[in-house]
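In the two assemblies presented below, chain A is common to both, partnered first by chain B and then by chain C.
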Partner chain A sequence: MKKVIVHPERCVGCMQCMLACAAAHSKTKSLFLAVSEKPQPKPRVHVGVGLYEEGFPNRCRHCNPAPCQLACLPGAIFRDNEIDTVLIDPDKCINCASCAMACPFGVIRYHEDAVAPPGKTVAVKCDNCYERRQQKRIPACVEACMVAALTFETEAAAMKRKTDEISRSVSTGAETAALSPGFELLNTLKKVQIEMRNP
Partner chain B sequence: MNKPFENSTICEDSQLLLQKAARDQIETVWERHQAQQPQCGFCEMGLSCRNCVMGPCRVDPFGEGPQKGVCGADADIIVARNLGRMIAAGAASHSDHGRDLVDVLGEVGSGNGSGYQIRDPEKLKRVAAEYGVATDGKDDFQIAAGLADAMKEDYGCKQKSITLISRAPAKRQELWNNLGVTPRGIDRETSEMMHRTHMGVDNDWQSLLLHGVRNALSDGWGGSMIATEVSDILFGTPTPRATRFNVGVLAKDQVNIIVHGHNPVVSEMVLHAAQSEEMLKLAESKGAKGINLAGVCCTGNELLMRHGVAMAGNHLSTELVLSTGAVEMMLVDYQCIMPSLATVASCYHTKMISTSDKARFPGMEHQEFHPENAAETAMTVVRQAVENFANRGEAFIPVDSVDALGGFSVESIVNALGGSPDPLIDAIKAGKIRGAVGIVGCNNPKIKQDHGHVSLAQRLIENDILVVDTGCAAVANAKAGFKMTDAAELAGPGLQEICGALGVPPVLHMGSCVDNVRILVLASALANALNVDISDLPIAGAAPEWYSEKAATIGVYFVASGVFTVLGPMPPITGSLNIVNLLTEGLNDVVGATFAVEPDPEKAAILIRRHIESKRKALGLPAEDV
Partner chain C sequence: MEYVIIGNGVAGISAAESIRQLDADGNITMIGDESGLPYCRPMISMVLEGTATPNQLPIRKAKFYDTLNIAPIFGERVTDIDVGSRTVQVGTAQSVAYDRLLIATGADPRPINAQNQELKNISYMRTSLHVANMLQSLAGTRDALVLGGGLVGFKAAYGLLRRGLKVTMLIGSGYPLSLQVDQTAGQMILKELVAQGLKVKVGVEVTAFEGQDKVEAAQISDGSKIACDMVVIGKGVLPALSFVPRDHIEVDLGIMVNAHMQTSNPHVYAAGDVAEYIDVARNSRWVNAIWPEAVSQGRIAGINMAGRPVAYAGSLSRNVIRIFDLDVLTGGLVTPPHENGYEVMSAMHAGRNTYRKMVFCDQRLVGFTMVNDIEQGGVLMALMHHQIPLTIPKEALLDTRFNFKQVMTHGAWAASPKAA
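Then we have the complex of A and B:
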């Protein structure tokens, strides 16, 4: 089964995934129209900032067993085994924040949502683009990511790719090439600036 | 335990005012910078193109995603397009500033420039001669009118080359001609850059960048040079004078007016009004002991150079100066004025006035200055400022100001040297002074405020390298005390001796950011005296904390004029290693100078010292290993 896999070393912090996520969870599915919708759609993936001002796309890991699911008293959180995804039923959600307290990754937000009863604040998090998946489309964040920091592939394929990458790097006589020399140069210089500010 | 805000700025006044701003719940540039993290990597690398609506496009620097825009432009082309437009914007800004001065010169010439005068008629005649404007039997006004017309031709497209390029050493002019980068018209080169970077025009990254060179030269030897020369003609050529720096220049018991922006056309008139008998009496009647006009940013530098007006701070201090609660009015014209300022001012009694027909800001009152109404409008706004004194609440002016000597034009430097550059050349030849470096440019929240400027200046003067500076760098070095008359003590023995003999500090304030052209003129004079090209001289440039498009253009015209230039922050070019390599290595074979990028000022100092010693060696002068 394919899932969204995060490659943090490739994230350039452009936040395109956040915009695409919000638009994918809007009523109109159009970024231009979505900005004036009520309630305003919000992203489920959140690009955070690291120690060196690098981006990191923080999204739900769909843990199994999921601490949020275990903490949910009304039983609003459940697992869809078909797409291996933890989902929240907005009708059952009582907005108690127990799930957010239990979540180790801080990916649950509370706000009104296009699929929730009007005017009701509910727990909202990544649903692996459930709606798009029904339409045989890949998750919006992956589609928007131009640098392959988010990929949609089977765990086995991703593991094999990473294993091969590591294997190549330890080949005798191998020169380790930077993933992107330009990005590495930029980050080296940014790190100098940041360390001068925070000695 | 670190002091609060020690990581944001090395300046005591800024640290204390950041604490005050936090108490007053004022959002500053540092917080907005933090809120912007992470910043978009495509944009930081120059890999996003928004030039057309088939796009916007971006290229994946890791090679997996798209490698070309919709039109087919690859990373090299996209980075070159973006850099080209950055240079064009910088050149346009300086040159439009210059044009505003030429307009005033023309109005004065035709008798409509109410309140403006020709303060340096000698310079008027000298520059008129360079432009081939007849001066015999003509009065100053007629010459001014003729010169203004001739300068306007420099902006147009009738000429093969702009006039003041003739100030460069002959070898440099020849090099530019051979490269095909001699600027033809100031506006023409900027306009052509916008054309070339339109989809489907110039898609050779090298030829785009060569035009970038021509565009930058049209600023350095054109728009900016005109701005400086006309400012000198209208308001006087700067001479050394005592002044003061940092937020301590605000007066507890006086009406404080701050001028912010770049063009002396507005600030000169405001200064005149603030010194008028009528306004001083009014201030007294309101319980103030006087009217204290001070500057931030480059229009402050313009007044400092000609009148010794004090400077309250540089770019990153502009919000903090307001948070003292001691400012009755801030007047702004254009460039580098953060749109956040009126929001800060709204927490206090401070009145914010915008003055330029081309620059408006949210929350500011607009009082437009034009040559014909400038004197009158200046009186109106100063009156409002004085009347606002009664509304001042508690003021917080946390530090005492630092004394400094400013006002070093090329003319006044040559004067200080006894009428010719020879004593400076002799000192360089003898090795007492190893060389000279221009530290220029802005503040940028990516670098701890003033850390880049001050650390670099300190290392250079310690190593007997004379520093000249402009703009926000000049304010940083003055706040740090490098321009006090006894600052020579901080310099190495050779520089100390020369500074002592001449009675000048080891860091010479050469003015605003358009005044970087004074550095070009000085470098040309040294090169001509030694019969070499600028690129042969033991000199360098540095922009340790640059942020603006103008600074990018300055960097390019420095390098294109033959000056090795070290940038602090990386420009948005790492998406193309071809372009990085060209700018940091390849250009040496083209213009005899390159860029280097080094955010750490300690390492930048070593790069510069190494460069200076290598140039000394090539000239056959005593050289050291660095």
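Then we have the complex of A and C:
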């Protein structure tokens, strides 16, 4: 099964995934129109700032067993095994924030949402773009990511690619493939910053 | 294999599900004193408050026992365990044999020492029945008295305030929730509650209740008298283990278990509010009588009972409280003892109305309190639970921008050979 895979080393912190995610979970599905919607659509993927100002797209890992599901008081959090996705039923959610204590990645937010009962604050997190997947479209964050920090592929394919990358890097005389223009420079800068702070 | 589970709460339910996942053929018997479907105990305060309905409480469907092929014995308490012949005595007549026994009886409300407790409208708040009774007598009441400033007392007071009653709370310590939150957060909660009309009396106890049929007033240890037509007793809970043979199964405050939730008798396990295991933040034995612990411990107990040895990392206290405009999330040791070795850092952000306090022991996070902006609380819980030594500046955890990436990057960097 294909899933969203995060490659943190590639993220440039542009936050395009957040916009795309919010728009994909809006009523109108259009970024242009979504900004004036009520409740205002909010993203389920969160680009966190690292200690050195580097970005990281933090999204739900759909853990199994999921700590949030185990901690959920009203049983609103459940796993859809067919799509290997942990989902929250907004009608059952009581906004108790027990899942906030349980999520080791801090990816759950609490706000009103287009699919929740109007005026009700509920727990909201990534649903692997359930609606888009029904329409055979890939998740919005992956579609928006310009640097392939988010990819949609099978775990096996991603693992193989990583293994190949590592194999190539240890071969003598191998050329490293450029990730994208400007990337080497950015990574070099970050590495220097980190080294300066950790002599 | 004969599995017997005493207790139909979430620890027992989680254990039964875990056993069934690993052992399709074993016989599972569940014994519970509350008849009816297993329900979500923390939500009973929301029923009192009116934000949840009683039909939202059940955590499993009625066919749960059939689906998992469980033989239920409900409405009865276990009176004795014979570890020699491996049987449990249920009520007076029935005895059930076991190969693996789980004690998940939970806890009972701590009784108070006051006269005339049998008057009407005086109740504990532990079961859905208690709350149903409170709701029934709600119509004729105006002044409620809540005994105890712990989580139950606090939730009762909050619920009754929201129902429009005048509420007076008697607290033993200086501020509410003194075991759950630190003093600063406690004062913030108290201020919020007082602003909403709660009256608080500190450092006093009830000595006796007065009234003809229903309660009408309470005599206080300082000699004064408080008029009230409803009383809620929320002075904490005690593990329900009166039937446990202490000469065969080691008992401290709770039933002592090892990392596999196994008691000193290898055929007997314990989990949930009745069990006592190592608290990772305190680094000592502790009963953490909270819902998420019961779920985790029940699960671990079930897996081990079914023959797959899995160790539990340790228990940890935690709480999240949402009242009016405050979100309060706490975990671990919120107010460390004064001995050396603990480092405390805190930060207030007046603009965002947030407060954070972190308690460290060496390089480990062992406790925290956060008010508002609580979304990253789970990351802190995970750092504590897995006892991960911090390699980032401790101040970073106080920042509202703190997120998973900050621990991830640095962990990876520290583990790389270059940094070593």
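Convention: the second predicted complex is superposed on the first by the 175 of 199 C-alpha atoms of A that agree within 3 Å, B and C clash if a C-alpha of one lies under 4 Å from a C-alpha of the other, contacts with A are read in each partner's own complex, and residues count from 1 in each chain.
Simple rule for what comes next: contacts are C-beta pairs under 8 Å (C-beta built on N, C-alpha and C of every residue); 3 or more make two chains touch, one makes a residue touch a chain.
Remember, it's a predicted structure, so these values are computed and weren't measured experimentally.
Judged by the touch definition given at the top, the superposed model places A:78 against neither chain B nor chain C. Look at A:104: by the touch rule set out above, it reaches chain C but stays clear of chain B.
Of the two partner chains placed by superposition, only chain C is touched by A:46; chain B is not.
In the superposition on chain A, contact of A:54 is made with both chain B and chain C. Contact with neither chain B nor chain C is seen for A:152 once the two complexes are overlaid on the shared chain.
Legend: residue contacts after superposition of the two complexes on their common chain; A:95 is shown touching chain C, with no touch to chain B.
Shared-chain residue A:10: touches chain B; no touch with chain C.
Of the two partner chains, neither chain B nor chain C is touched by A:130. Chain A residues in contact with chain B (one complex) as well as with chain C (other complex) are 49-50, 54-55, 198.
On the chain A side of its complex with chain C, the touching residues are 8, 46, 48-52, 54-56, 58, 67, 70-71, 73-75, 92, 94-106, 108-110, 194, 198.
If you check the complex, the residues on chain B that touch chain A are 7-8, 37-45, 58, 60-66, 446-448, 451, 568-570, 574-577, 580, 597, 599-600. The residues of chain C lying in touch with chain A in their complex are 14, 40, 42-43, 46, 51-52, 56, 59, 291-292, 295-296, 299, 318-320, 322, 327, 329, 331, 374-379, 381-382, 392-393, 396, 401, 403-406, 408-410, 413, 419. Touching chain B in their complex are the following residues of chain A: 10-15, 47, 49-50, 53-55, 145-148, 179-183, 185-186, 189-190, 192-193, 196-199.
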